[in-house]
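Multiple structures follow.
Both complexes shown next keep chain A, but they swap its partner, so chain B is in the first and chain C is in the second.
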Partner chain A sequence: MFEARLTASATFKKILDAIKDLLNEASFDCSESGIQLQAMDNSHVSLVSLMLRSDGFDKYRCDRNLTMGMNLANMAKIFKCANNEDTVTIKAQDDADIVTFMFEAKKQEKISDYEMKLMNLDQEHLGIPETDFSCVIRMPSGEFARICKDLAQFGESIMISCTKEGVKFSTGGDIGTANVKIAQTNNFEKEEESVTIEMQEPVSLTFACQYLNSFTKATPLASQVQLSMSDNVPLVVEYQIPDLGHLRFYLAPKIEEDEN
Partner chain B sequence: MGILGLSKLLADVAPHAIREGEIKHYFGRKVAIDASMCLYQFLIAVRNESGQLTSVDGETTSHLLGTFYRTIRLIENGIKPVYVFDGKPPELKSAELSKRQERRDEAQKALDKATELGDATEVDKFNRRLVKVTRHHADEAKQLLTLMGVPYIEAPCEAEAQCAAMVKGGLVYATATEDMDALTFGSNVLLRHLTFSEARKMPVQEIHLSKVLEGLELDQKAFVDLCILLGCDYTESIRGIGPKRAIELIKKHKSIEEILKNIDVKKYPPPENWNYEGARQLFEEPEVMDAAKIELKWTDPDEEGMVKFLCGDKQFNEERVRNGVKKLLKSRSTSTQGRLDGFFTVLSTTPAKRKAENKKETPNKKKKTGAGAGRGRAKPK
Partner chain C sequence: MVRGRRVKAVFACTRPDDCCSPHPKRRGPKITLETNTITDFFKGQDGRDDIVLLQVDDIDDVPKTPVIKNMTCKEGPPTPHRIELCPDEAKIETKPKAKKRLNCQLSTDPKDNNHKVTDYFPVRRSVRKTKKTVMEEKQRTLEELLRNGVEEGLEVRIFSDKGRGVVTSRPFTKGDFVVEYSGDLIDINEAKRRELKYAQDLNTGCYMYYFKHNNQQYCVDATAESGKLGRLVNHSRNGNLITRTVAVDNKPRLVLIAKDDIKAGDEITYDYGDRSKESLKHHPWLAY
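Then we have the complex of A and B:
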């Protein structure tokens, strides 16, 4: 028996909005410690890693480890039927082939439940090596989303260069070039607005706009975003979901063409 | 013709081995393309109402048009193609080849009759059946590829075997052909429909040999024997043993020798002087160039050279050719997107449970018809 109850169904809506562009379907691994999801997009360029800790739920019960394969578009349809303030309960029997989502309105005058067929999906569990990143940047998530959206108009890829002074986002295309520089700022009164950079050595990597813009769909989940970079390893874009867990995106960098 | 009914069998028995994807997912991949197969496709498919496209002298240019546009399409999607041309056919293929010649003669007769009667659709139909890739076509295609900066390789023998050797040698990611025998030759990954026209909206089929073997519960040796039983280009198969029986027998006895010992030879007489051993050897140790000795180089296209070659006598539109060159140059200058595969290690794979396979039966049946229709497009030699 699996049961997880969360007062804010809006959180789930936001998570689904953030990942449904990258993934058509995914397996949710449920265990005592929480719900986990790890999946690459079809072309194996990006990876979504979601962790929702069991203690972040209002009620959580998982007797046996359970993997639920779900079609994310259909799941999003179901969550569209819920109001943001509704409480959601996810239920499944052991070895079941359906999952139930129950939405309860604030005053409990309305209860709706939706059953969805589960899918059996091929699954690859990937080992993600621990990396000491050369640069870790924390900045307002809205600002990051804005930059990605703006620069995407001018080129297909964005170069992110991180130095002691700050971070530079740049791109170029047929029209010309675009550069956005952000300096480190410490705003102690409003921590969510500050930009911090932890740097061992300067890094400069290029990434596809298309994927960055998919990642920034997670902006509503957190006020800050953390970008971790090292030479020749994937970028990690991390959103902390308050009191519940995190949503991380990994993105393979673009590589300069060597002579075959 | 490849292996008779293998794609259908795989769709039934090992559906996990076949994955469908879009062409754009193959960016950055080097792919060995079976050139004769491709040229044949172009000669058949690239036509207008009055038949094949021709130069001023009435020589066909369909193969060049196809090579030009479809290669550009691959490169625009970030794929690095290398074309592999057939060498001399193996001796064992002569029976199959003479059979094809017979069919061609029949088609010619039918064509003459249809022309006499003035039946346009019939004429077109038999004209297509008479299409043959000649040395001249291949040479022209090679010339064009050189101008486009795309490498090609001349196989000593069968192109599929050479492609497979290049995949095994890690030189390229996959073999692109419609012929299933690329798998029999040991190509780890086979891509089908890669060079089809965009308008057909056919998804690219990716078939993994390791998953095929896993799904069929066979090793490569037994798989080769299975392919011979199903029917290949190099020898005959046993009459009365279809795909279902073939897979059952192979699973039980593991090799053709054992099967011959155990089946009722009167009921299923094997062909006289059945040279399955020769065919097997051809699949297992084909005549190929050592992959380690092959060097692949993609270079900038020669714009003026292409204009000179394609426009003029061959009646290509100069503007279109120049546009194509621009596309090639643009794709060469952009950096390629990396993949995560190299960074993360696969800890474990959990294939979908058995339960799922039973449920999937209905879509498989759909696939069957699709595969059946696809078979007709295999190349005759």
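Then we have the complex of A and C:
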């Protein structure tokens, strides 16, 4: 028996909105420690890794480890039926082929049940090693989304260069070039607006705009985003979900021209 | 028919010469119309600036300003010309759907020059096997051992009280194949015949192993001195081996499997299973 209850169904909505563009379907691995999801997009360029800790739920019970393959578009449809203030309960029997989503309105005068068929997904699971990144950038998530959106107009890829002075996002295309520089700011009063850079050595990597823009769909989840970079390692874009877990995106860098 | 679309372009030309010929020479005065269109002011590149779209009926969700591609001039009096869109030929340039699924778009992109995540992170392959696979593998290795007649980790020792016996020279773990009780596989009638023959000679020991496999009675006769070790394993009611039948190439064979973990240097024994009065009279050691 699996049961997870979360007061804020809006969080689930935001998570689904963030990943449903990248993934058509995904397996939710439920264990005693929480709900985990790891899946690559079809082109195997990016990877989504979601962790929702069991202690972040209002009620969590998982008797046996359970893998629930779900179609994310259908799941998003179901969550569209819920109000943001509703409490959501996800239920599944052991070895069941359906999952139940129950939405309770705040005053409990309305309870809606949605059952969805589960899928058997044969997905590859990647082993992600612990990495000490050369650069870790924390910045307002809205700012990052804005930069990605703006630069996407000029080129297909964005180069992120991190030096001790700051971070530079640059791109170039047919119409010209675009550069956005962000310096480190320590805004102690408004921590969510500050930009912090932890740097071991300067890094400069190029990534596909399209994916970065998909990642920024997760912006409503967190006020800050963390970008971790190292040479020859995928970029990690991490959004902390307050009191619940995190949503991480891994993005493989573009192949440099001289590599061929 | 293109679904639900009716487009009529009525063309009014005041010029006497045929301006709709493929090479119009017209550079004359403007046509006067009720409403001016942009083409009145800017000459189209093909020189057909006098074509005016008068009426467009959009029923469906086709773009509001259709691109007129296939204009045909109807044969008829020079003026006024009537130009109609041939709906069947007209190809409406619909914009590609603005929002394609990202992954579809990329996977079909031929100049996809991105690294893959799998280049950096290894795919985790589970090394866990199902119980069935494990059993099958075990069976296969056992058959292999039997076919090759493997007898490893064993040696013959002569005991003062009971003669020859077999001891281990390496440890065996519970469930390991130890040795085969090899001999002639015979049926029950042949076994009875041989028993009679052996009974005449008191020096022959008892090496007949009767067993059932798939509800059929068989016997392995190991009376002949073959050099195989299986026939020399002694009896004990609390032995450290058990006998199993295994079908190899559709022939049942007897294997001795370690019942417990066996240390190196221990004598291996198994229960002969014969408790009949007759046998006990001749071989009193069967009781122990």
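Just so we're on the same page, the second predicted complex is superposed on the first by the 256 of 260 C-alpha atoms of A that agree within 3 Å, B and C clash if a C-alpha of one lies under 4 Å from a C-alpha of the other, contacts with A are read in each partner's own complex, and residues count from 1 in each chain.
The rule we apply is simple: contacts are C-beta pairs under 8 Å (C-beta built on N, C-alpha and C of every residue); 3 or more make two chains touch, one makes a residue touch a chain.
Predicted model, so just to flag it, every value in this text is computed and none were measured.
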Field: When chain B and chain C are modelled together on chain A, clash or fit
entry: clash
Task: Could you say whether A:175 touches chain B, chain C, both of them, or neither, answering first, second, both or neither?
output: neither
Message: So in the superposed three-chain picture, is A:122 touching just chain B, just chain C, both, or none of them (first/second/both/neither)?
response: first
Task: Tell me which partner A:183 touches in the superposition: chain B (first), chain C (second), both or neither.
output: neither
Message: So in the superposed three-chain picture, is A:40 touching just chain B, just chain C, both, or none of them (first/second/both/neither)?
response: both
Field: Touching both chain C and chain B, counted on chain A across the two superposed complexes
entry: 40, 42-47, 124-129, 208, 233-234, 250, 252-255
- prompt: In their complex, what parts of chain A are in touch with chain C?
  reply: 21-24, 40-47, 124-129, 208, 210-211, 214, 232-234, 250-255
Partner chain A, residues of chain C touching it in the complex: 101-107, 112-124
Field: List of chain B residues in touch with chain A within their complex
entry: 16, 21-22, 24-25, 27, 80, 296-298, 332, 334-341, 343-353, 355-356
Interfacial residue positions of chain A with respect to chain B in the complex: 40, 42-47, 67, 69, 97, 119-129, 156-157, 206, 208, 233-234, 250, 252-257, 260
